[in-house]
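Both complexes shown next keep chain A, but they swap its partner, so chain B is in the first and chain C is in the second.
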Partner chain A sequence: MKKYWAIFKTQVINSLAYPTEIMWRSMAILIFLWVFTFLWRVAFDNSSTTILAGLTLHDTLWYLMLAETIELSRPRFANTIAQSVKDGSIAYLLCKPYDFLLYQLSVNAGDTVFRLILTFIFGSALIWRMVGAPPDIWGWPLTLIAFSFGWLINFCLTALIGLAAFVVEEVTPFTWIYQKLIFILGGMMIPIDFYPPWLQNISKALPFSYVMYGPARLFVSPDLERFATLLAGQLAWVAVLGVLVSVAYRRGLRRLAINGG
Partner chain B sequence: MTVIQISNLRKTFTTKRKAAGLGGSLRSIFRPERRVTEAVRGITFGLQAGERLGLIGPNGAGKSTTIKMLTGILFPTDGEASVLGYIPWKERRQLAYHIGTVFGQRPQLWYHLPAIDTFQLFGKIYELEDKAIKQRIGFLAEAFEIEDLLETPVRKLSLGQRMRCEIAASLIHRPKLLLLDEPSIGLDVVAKQRIRDTIRRMNEVEGVSVLLTSHDAGDLEALCKRVIIINHGQIVYQDRVSNLKRHYLTTKEVGVRYAQRIPGNFAMENVNILKVGKYGVKLGFNTSEIPADVVLARLAEKGDLVDITISDPSLEEVIANIYQEVEEAQA
Partner chain C sequence: MEGKKNSVRRELKFLFAIWKANLQSAMEYRVAFISQILGMMLNNAFYFLFWVIFFERFKEVRGWGLQDMFLVFGITATSFGVTAFLFGNAFSLSEVIAQGRLDYYLSMPRPVLLHAVSARSIPSGMGDLIYGLTSYLLSGYFSWSGLGRFAVGVTLASVTFASFLIIVHSLTFWLGNASALARLLMNAILTFALYPITLFNGPAKFLLFTIVPAALMGSVPASLARDLTWQNLGGLSLGAAILLGLAMVVFRLGLRRYESGSAIQIEV
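What follows is the complex of A and B.
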């Protein structure tokens, strides 16, 4: 396990190679949230009640803050894997004595740390100023746990797309589709509670909502029962996707053709 | 001890073919045309412990594909291989602890970090103790003369400096076998020489066996004891480098310059006249047919010699000859 910790640490240092770049990228959340704040203010102002689908304006905006933080800090390494297959550098990644998937996990976890922290700080600062104090602090540790498992689900799904590169090389269309699924069915644009019941059921049955909606909703309404249900669902998805990824990896490796020289 | 033993190794790739232009692209969407490329067509050879073997051949000959099968990252289509007693593609991770690899065209050092960070990371990946890692980095830094480069981000190093760091990184775990795929590609003459020297030194000092691919005959001449020439995925020649030279380097070229104009006739039996000038002449001959001193003596009779040069054809020319011979034999 020590080697994966070393890989994680090295990537954390690596992600700080360009500190200003990471600052500016994290600040992107300000633009999204600023627009969201105005949109949702209009939505709430035009309704006769202060609670829509069980959420106040304050809840909704803190929800969107967390959902945006997850979206912006989520590793997008499917294209990185595809690129390394295309240019042949995958050869190095495969001829070292570690598990390729755990290597990817460590690198991407290392890459997430600072982006997550900075995006969260910038986003929180803005939303705090706009609609007031954040949700109860006791829900934060629960949210962090739920976030971690959601992160793992996203890792597995992205790895599946990345491994497709062993066979098809170009994976951009898949990453694009995945992003839209996260936007809509994952509840990034609109909390799933606002959907008609049939769409809510579909969304909650699929893994995308466990990446985004689950942790974000728990953040604004912390509750042990909600946490337990969420965690059970996340664990089930991690198990299913984990098996799928390792099978896909083993199959893909046999078909891998490394380009160049 | 045998380090590498491969027999009848084959690798075929299926690639999509696409005709040129937009029409070709559209057609390939609906009716993809597939072509089977035989990159490696039944290669058999062995490598003994401590040996330095060069795998040489033109671009696309199948050198890199062979190396990648030996590291276990490519599955062969057919054939057998044993590297340090492991079947590479079945026991890739166990094998990885004992081999070092350098792919000259791709970086393995982390681009934004100083090389020492990657060295330390690799040490951890190979499960070395912290103290051992430190000692080893110290040793390699000295051997490769990279003490002053270790703390510079890799992106700021020159290609030659980076390659020295790359090779040092691949030796951090004292591998028994070093696989180098085009280690000197893109380097200038001085940097090439330095890389060759350090590789040879590591082989002599630590006994690491070396298998390298190259399309530069200079690598072979400076570094390898034995050579395998492959072309179109097949071995076309294998022998000791010294035999290769002896066998193919029996031709000499002699050029002389005289103090005065020499109108004379230079025709001699078994000698080709390559060039005749007002003050000099260049001749080519085979030393098995006519000894060099005889040729020189006759040239000296013609006038006062000011300058003499005797040269061998380059190894590149020799290899080009071998390719040609093989192709003629096949045709």
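What follows is the complex of A and C.
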């Protein structure tokens, strides 16, 4: 584990090499949240009640803040894996004394840290100014745990897309569609509570909501029962997807053919 | 006058030759090309589900309904697609500048900016274009005369968008590699263009007509596609012309500051 910790730390330091770039990227959250604030204010104004689907305007905007933070800080390495498979550079990683998937995990975890912190700070500052203080602080550690397992689910799904390069020529369209599944079925653009019941059931049964909706909803309504249910679902998905990634990787390696280089 | 006409004709001929070469190059990898088109259409359709769900619950937002969103999405996706497919390098102009790859275009007897932005095509842009047209057809605002207005709106919105990209990427001449900032501003114009303009008021609205001209890429061309008003057409044309002029001036001024280590090479 020591070597993966070293890779993680190196990547954290690397991500700080271009502070301006990481700052501009993190600031993207301000645009999205600013638009959401206009939209949801009007939506709540049009309704005759202050609570919609169990959420107030304050809850909805803090929910969207966390969901956007998760979206903007989640690693997007499917194309990196796909490229290394296509151009054969994966061979250089395979002959190193570490596991390829754990290496990717450490690198992407290291990449996430500062992006997550900065995005959270920018997003919180804006939403705090718009609708007031954040939800109860005692729920934050629970949210952080839920976020971590959601991050692992996202890692497995992204790795599966990247590993698809062993079979298909182009994986970029899969990354676009995956992102939109996270947007809609994951509840990034609109809390799943606002969906019609049939769509809520579908969304909650799929892994995307465990990446996004679960942690964000826990953030605005922290309670132990919700946390336990969420964690159980996340652990189940991590187990299933972890096995799938491992199988896909081993099968992919069998198909790999590198000529020269 | 005749000389000027000939020069325009020559540049247009050159532009069509580049587009043809770009298309042939994309078609070389047919499966990847088609999968990117289909993937992008599906991607847009999933994104649009947000509005379907939203309006299912809230019915309207200050006078805007789902039909209007189909129309504004149609205009924005089509103009994004046109820009990406025909002027794909406008999306990565800052990298071209920062890496000294402008040398290649500077060494050619052709307009540098036009050549640089049209030298690359983004194949998925075709998917946006087809999706945008479909969205317009489904909006309920389709008519044959409306289609003509839609085409005019898309053309002016594409000029606006491409000019905006050129301006923000040209900041690289002054700031060093400004690709992250350019991406942020591109996200801003696209995000704001895809929301009902009636949401915004006061300073926010002013911003969307000036600094981040998202209104000229979404709601104004959409209302032109709905009904022809000379005010809309005039305003949109004027806005697109000003932005295009500004883009050319900013790029030209930036070019004076351009330095590189003589990286003349083949651009592929």
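In this section, the second predicted complex is superposed on the first by the 256 of 261 C-alpha atoms of A that agree within 3 Å, B and C clash if a C-alpha of one lies under 4 Å from a C-alpha of the other, contacts with A are read in each partner's own complex, and residues count from 1 in each chain.
As a convention for this text, contacts are C-beta pairs under 8 Å (C-beta built on N, C-alpha and C of every residue); 3 or more make two chains touch, one makes a residue touch a chain.
Treat the numbers as computed from the prediction; the structure is a model and nothing was measured.
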Where does A:R250 make contact in the superposed view: on chain B (first), on chain C (second), on both, or on neither? neither
Using the superposition on chain A described above, determine whether A:R25 touches chain B (first), chain C (second), both, or neither. second
Identify the partner contact of A:A6: answer first if only chain B is touched, second if only chain C is, both if each is, neither if none is. first
First (chain B), second (chain C), both or neither: which does A:S89 touch? first
In their shared complex, at which residues does chain A touch chain B? 2-3, 6-7, 10, 13-14, 17-18, 87-92, 94-99, 253-254, 256-258, 260-261
For a test of understanding, state which residues of chain B touch chain A in their complex under the given definition. 13, 59, 63-64, 68, 71-75, 92-94, 96-97, 99, 101, 103, 105-108, 110, 112-113, 117-118, 120-122, 124-127, 153, 181-182
Under the stated contact criterion, what part of chain C meets chain A in this complex? 29, 31-32, 35-36, 38-40, 42-43, 46-47, 49-50, 53-54, 56-58, 60-62, 124, 179-181, 183-184, 187-188, 191-192, 195, 199-200, 204
Could you please specify the touching residues of chain A with respect to chain C in the complex? 20-21, 24-25, 27-28, 31-32, 35, 38-39, 42-43, 46-47, 168-170, 172-174, 176-177, 179-181, 183-184, 189-190, 194-196, 199
